[in-house]
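See the structures that follow.
Here come two complexes built around subunit A, the first alongside subunit B, the second alongside subunit C.
Moving on to the complex of A and B:
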């Protein structure tokens, strides 16, 4: 068990972070290279002003017509994404690991809040799962990969929660937690979780086209 | 994983363009063309859109097809991408001839490319662009609905959409000039006047079926005292069905001819009639194909043009139109060019009472005729009617609040709404802005 722990928290963690950062860079650079090679015209339409106008509308809950049409989904998706990103970065036990290995540390969130945020992520995943299963317009376009990426995202939070409470199999869940976190990191650049990388670009492009050429709102 | 929803059409449409085209396909040719378009012609946008889509279904409610078919997901924007593009990508182009036939029908007759869904996707994924890629594949495979393909052939041969032959065009203009001279004896339709301020251009169906619109435009131009001209040569037609069949090469030829005609006449700008798709073609799509970021010559759509004429006092209103009116925001000049406020200004200046339909402006529902769908012809008319029940409901609601006249400043909207008006027996009076402007403007001796 100890050697397995050392493996997942050592070499595997290194690999996961390298693949995550390397993969993200690779995906972004290769898409920009593709733009450069085949659709250079896109640059000439990009506008900072209209890109941000569009992005700002879409990253504020209820600032767009479609967010307002789906109030529950809007609340869930915003809560989910905020907690998903904030929780692992500002969790005290993660910061301690950084401190032990690299001697760097930063401000952390109280554990009780992190617990709530973890439950929000897990609950949101359940919401998304149910929505996929019962909403016809979502079910129709759902494939196995959609469930897999949902599971990849939910896993580190579920296992983390189990490990934190140390109910049973503490070591087992800790290892599983680290491993599932690594799987998620690796999956981000190479699955449709890459919407994390690309959505600012697609949004900015549509915003620029709507603002600069179409003189219309895109929200 | 998910069950495909049932197909709701009662019977399969017979379309010779699709049947004959499908018969000629071989698996190798299908695979080759799909690869050429998806890997050769397309680039970062396709890749980013496909990789970013999280399959959330949030685009569904943007689509009038989806809303009109009781929220059946097979009609949602992403549902249509799933049935066509995803399948081609998943099978790496190894799809059957029957699949291409169905795909061609979906892409050509079940999406108006209105881009309302682009405003509903949180990531701004341009599904209309994806549908155009699918149409491009079908075009290159020779599987395009017969009626719209005929208009593309006409463009290719005559540079206009309606097989109007060389001499028929100036003949029509002279005929309308003579007709209008009965009303205003000094009226002229100046042909080939070099250095005029304005080249007025119309769509192919203008001289073919709607010559009175040329008459009205001539009256407006003459009374406003403008320095204008119309070309006597090919290049007079600003319409562009090749843009909608995926025939980009012909699209480029049509636009080049149009711009070059304006350049030859050394006009300061092109003013065009109340057409939405032609405006999209000239100021957004065709110019890009030719390498112009924005159009090489300034373009004004009729809405902007009327707005200017009224603002500058070149046209004065004698007596406002009395009936209560409502206004259809066409996708290509509103979501496509932001002319909605100017249009409302014009409407308020020429009409006594104006009430909004809901939703409106950028969020208005599509007419279900644009994007080449009405041009696919009679085989698909019933589908077009059933697929826009939501528009009938929207119009019925505004009619019940008192609107009698529906202003539709776009040829496709106008024709499509006329069909809906009949099919759903709404009993509205549908007009162009120009119809009303012509009716209410101050004319000499009137």
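Moving on to the complex of A and C:
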């Protein structure tokens, strides 16, 4: 078990972070290069003002008509994304490992709060799964990979929860926890999870088109 | 009461205390974490004698080290001191913070030797 732990927390962690950061950079640069090559005309109406108007508008829960039309989804998706990003960064156990490896540390959230946030992430994943299975408009754009991606996102949180409480199979769940986190990092740049990188760009584009071309409200 | 009986009772009592206080290390199951204000995890499991036997550690300063100018002193040891006598709650210069010192001293060696507990919950058991 020690060798396996050393492997997933050493070389495999390095690889995951290198592929994550390298992959993100590569995806952003290549998509911008593609725009530059094929869709140069969008520069004529891309605008900082309308871009940020749209990003700010859509980042606030219930601010847009679409958010208000789907209140439950809005609530779940905001709670999910906030917890998904905050939890791993401000978890004490993670901060201790950063501190021991790199001598950097920052403030942490209390474990009890992190537990609730973890359950919010897991619960949201269940919600997304059910929605994918029963909502026709979602079924229509669903492929097998969407279920795999959902599992990739849920796995680090489920295994982390199991490892925290140490009910059974502690070593197994801890190693699986680290490994599943690495799988998720690697998957971000190369799957639909890349909306983490591209959503500000697509929002900026839509905002610019609605503002500068259609002279319409940013709904 | 007979003075001799009193004397005998006293001898039995004192030797009892002497025997009990001679075995603190054998009985130790957990590290004493009372120095931390609000410990977030359970105290680390640690059986001193058992550990040193399985790890085949002869020298006290293998763990109870003394550092001078960033160098570990070969023939000095610190088993008469508490870890917290040197290690503060925060890093100071080259000296590790207490929590980090505990982690590095135990887990650091376990990783190097590829033996012994390395994951959080292997020592901090619920």
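Everything below uses one rule, namely that the second predicted complex is superposed on the first by the 219 of 219 C-alpha atoms of A that agree within 3 Å, B and C clash if a C-alpha of one lies under 4 Å from a C-alpha of the other, contacts with A are read in each partner's own complex, and residues count from 1 in each chain.
The definition used in the following text is that a residue touches a chain if its C-beta (ideal position, glycine included) is under 8 Å from a C-beta of that chain, and two chains touch if they have at least 3 such contacts.
Since we're looking at a predicted model, the values are computed, not measured.
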Based on the superposition on subunit A, does the combination of subunit B and subunit C result in a clash or a fit? fit
Mind working out whether A:92 is in touch with subunit B, subunit C, both or neither, as first, second, both or neither? second
Of the two partners subunit B and subunit C, which one touches more residues belonging to subunit A? B
Quick one: is A:201 in contact with subunit B, with subunit C, with both, or with neither? Answer first, second, both or neither. first
Quick one: angle from subunit B through subunit A to subunit C, Cα centres, nearest 10°? 170
Applying the document's definition of touch, where does A:215 land relative to subunit B and subunit C: first, second, both, or neither? first
Could you look at A:39 and tell me whether it touches subunit B, subunit C, both or neither (first, second, both, neither)? first
Superposition-derived minimum Cα distance between subunit C and subunit B (Å): 36
Which parts of subunit A are in contact with subunit B and also with subunit C? none
So in the complex, which bits of subunit A are touching subunit C? 2-3, 5-6, 92-93, 96, 99-100, 103, 111, 163-166, 170-171, 174-175
The residues of subunit B that touch subunit A in their complex are 1-5, 42-45, 47-49, 51-58, 60-62, 66, 71-74, 76, 78-79, 82, 118-120, 122-126, 284, 288, 293-294, 334-340, 362-363
Report the residues of subunit A in contact with subunit B in the complex, numbered from low to high. 31-32, 34-35, 37-39, 41-42, 44-45, 54, 58, 64-66, 69-70, 73, 135-144, 146-147, 192, 194-195, 198-199, 201-203, 205-207, 210, 213-219
What residues of subunit C sit close enough to touch subunit A in their complex? 40, 91, 99-100, 103-104, 107, 110-111, 114-116, 118-122, 125-126
